[in-house]
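In the two complexes below, chain A is the common chain; its partner is chain B in one and chain C in the other.
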Partner chain A sequence: MELDLYFSNYTYVIIFVLFGVALPVVSLTFGRLLRPKNPYDDKLSTYESGIKPTGEAQIRFHVAYYIVAIEFIIFDIETVFLYPWAVSLGQLGWVGLNAMLIFILILALGLGYSWKKRVLEWN
Partner chain B sequence: MTGQEIMFIILALIAICCASLVIVLKRISHRVLSMAFCSFAIAGLYFLLRAEFLGIIQIMVYVGGLTVLFVFAVMMTDHRTTTFVPERSKVFKFVSFIGVGSLLSIMLIGILGMDLPAGTEPFIGTAEAIGLELYGNYVIAFLGVGILLLAALIGAIVIARKEADEQ
Partner chain C sequence: MELMPMVLYAGVLLQLILAGVAAAILFERKVIGYMQLRTGPNRHGPWGILQTVADVLKLLIKEDIIPHAADRKVFVLAPIIAFVPSFAILATVSWSENLYAADLNIGVLYFIGLSSVTTLGVLMGGWSSNNKYALLGSMRGVAQMISYEIPLVLSIVGVVILVGSLNLRDIVFFQESIGLWLFIPQFLGFVVYMISAIAELNRSPFDLPEAESELVSGYHTEYSGFRMAFFMLAEYVYAIAISALATTIFFGGWLGPDFLPGEFWFLLKMCFFMFVWFWLRATLPRARVDHLMNFGWKVLIPLALLNIVITSIIKVWMG
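Let's look at the complex of A and B:
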């Protein structure tokens, strides 16, 4: 049965997931059990490349980063749509090609808008 | 009970627990992490349904992309001074309970009323099968997705630029 083969192949994935979960848990637990515990103020302070830490870590970042993140997500999704299109293009023919061209054109409008509005510039 | 059913129960439990933790946990970064784990469990459910391509997309877009977007949103907002939402009134709680309950019952009626054929062919969820359906039968919906993404992009730019000007 092909279906049984499909699920039995995922046994390896499950083993990998279990190893991935077990590795940090086991190593951190063993580390906690083995290491000597001697905390003092200097040791507990935030590591900032060797100098004394100044200011707070939770500063507000500029909103321009957020637009870049959103653009990343949008074009990430565009790439996602390209994968099934690419493998089935042989059977779809011209209809599929035209559909994808229109789709990319629609998203290119968005890219052009953000270019026009100068959100891609850093200053 | 078969191995698939056991895996389904484990993954569904992880998904439900992580989704509840998103509401229960106090620190926003813990909530984001819990949401990422929830998406992982749902990706596992997709693999169980033989929708391999959707599962990989779920990990790529939701765990990889959306979680980063949430972290960015946390970095952008000032949540040292703002405390969590104040205690709502009893009426508000009651109304929201009824709203959520009716939404849940509508969804349950819809899901239980669906007449799905039991698929036995192994490769229903490959990228090729999805591509043939998406760019063949559902090409209008696909172009609709494009317009939706364009609207999201332009909307985000308009709102974020307004925020940047106010800063």
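Let's look at the complex of A and C:
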């Protein structure tokens, strides 16, 4: 019974995902019957405020984006640890609390270090 | 396990959500119109009620243009990737005590985990367009969305500590048992949640990925017709979902006076949050990109961590 309920909950998730995929696929497929199709070169060129596009757009971009991504991963992993801890804090008591406070302190030190190193500046 | 009622529930909810999005767009234009001493749309139907319907029909009969330079497969996939998670997270919303679909015991985690997939759609759309504005918009958008996802996720941890469960319904039952909506004991977490939710939704004043005065229209510059509509749809469904999450965890979900059903109170609170997003859009000018990033990392994340530390100490202290 318990397991049945568990599966039915996740069946809902699967149904929702399928509906989410079906809506764009179906409406775009049937939309083909309604919309005109008249492509020519000028229409299919990349938009660049009306002038002829120069060069590629898929270029290397600023390193600041990568640094933000790395910082994000560090903190995202922190949240992965925080959630199970938060659920069970009632049973963990002071020991669990101290362990997590030390963990947060280390991360806060890391954040302070990157702050000091001006990694978080954006320009 | 009956499959038919489940499919029916999802299908009906999808249509209600689409109608809700149409209403929300009209509501937004009306609210902002009146705030700027205009009347907003008023030509299609009484009080402009059919305006969004007309807009959607127009988008449906527009030509679908995929530029030569675009990466075709990724270009086609991006709006779908952006839309699917925004609808799928609604599976776990409990609209009232009896009206709910998936009662997941990891509800909060499912919600925030899946909703971050939307970022991928933005990245794919901007990159595959092979357009300079789109690339800039999507890179900005991704940097902003991942930066504000951390305070968003951390701000909910305080609630999880107090309740001791990730189940969205348990969170509402907890608020019923203590007779207090959690935005009062978790006020700091609530403020951090609201600010980072706006950035996560790319709404004004944090709508930098679509800053139309500098980037044409950001990551979906090259999209036209119904493909663009799905990016917009994803944005509004996501706004509804984030409002529903805020209602559930901070505003007591379906709780309210008994003379009206729980669904009504839930929708009322959700509309309040939607109204707040529109209100802010009409009030505040767009933030600068460096200010935005600094604010996220140097103010919101430390505040969210502080909230977790205080809440956990109080929780253990009280036993």
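Heads up, the rule we're going with is that the second predicted complex is superposed on the first by the 111 of 123 C-alpha atoms of A that agree within 3 Å, B and C clash if a C-alpha of one lies under 4 Å from a C-alpha of the other, contacts with A are read in each partner's own complex, and residues count from 1 in each chain.
Simple rule for what comes next: a contact is a pair of C-beta atoms (placed from the backbone, for glycine too) under 8 Å apart; a residue touches a chain by one contact, two chains touch by 3 or more.
Values in this document were obtained by computation on a predicted structure and should not be read as measured data.
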item	value
Dominant toucher of chain A (residue count), chain B or chain C	C
Which of chain B and chain C A:V63 touches, first, second, both or neither	first
Partner chain(s) touched by A:Y83 [first = chain B, second = chain C, both, neither]	both
Partner chain(s) touched by A:S27 [first = chain B, second = chain C, both, neither]	second
Shared chain A contacts, counted only where both chain B and chain C touch the same residue	5, 7, 10, 13, 56, 58, 61, 64-65, 69, 71-72, 76, 83, 86-89, 96, 100, 107
Residues of chain A touching chain C in the complex	4-5, 7-13, 15-17, 19-21, 23-25, 27-28, 31-32, 34-39, 41, 43-49, 53, 56-59, 61, 64-65, 68-69, 71-72, 75-76, 79, 82-83, 86-90, 93-94, 96-97, 100-101, 104, 107-108, 111, 115, 120-123
Contacting residues of chain A [partner chain B, same complex]	2-3, 5-7, 10, 13-14, 56, 58, 60-67, 69-74, 76-78, 80-81, 83-89, 91-92, 95-96, 99-100, 102-103, 106-107, 109-110, 113-114, 117, 119
Complex contact set, residues of chain C against chain A	1, 3, 6-7, 9-11, 14, 60-70, 79-80, 83-88, 90-92, 101-104, 108-110, 127, 129-135, 139, 142-143, 146-147, 149-150, 153-154, 157, 160-161, 164-166, 216, 221-222, 225-227, 230, 289-290, 293-294, 297-298, 301-302, 305, 308-309, 312-313, 315-316
Touching residues (chain side chain B, partner chain A) in the complex	3-4, 7, 47, 50, 53, 57, 60-61, 64-66, 68-69, 72-73, 75-80, 120, 122-123, 127-128, 130-132, 134-136, 139, 142-143, 145-147, 149-150, 152-154, 156-157, 160-161, 163-164, 167
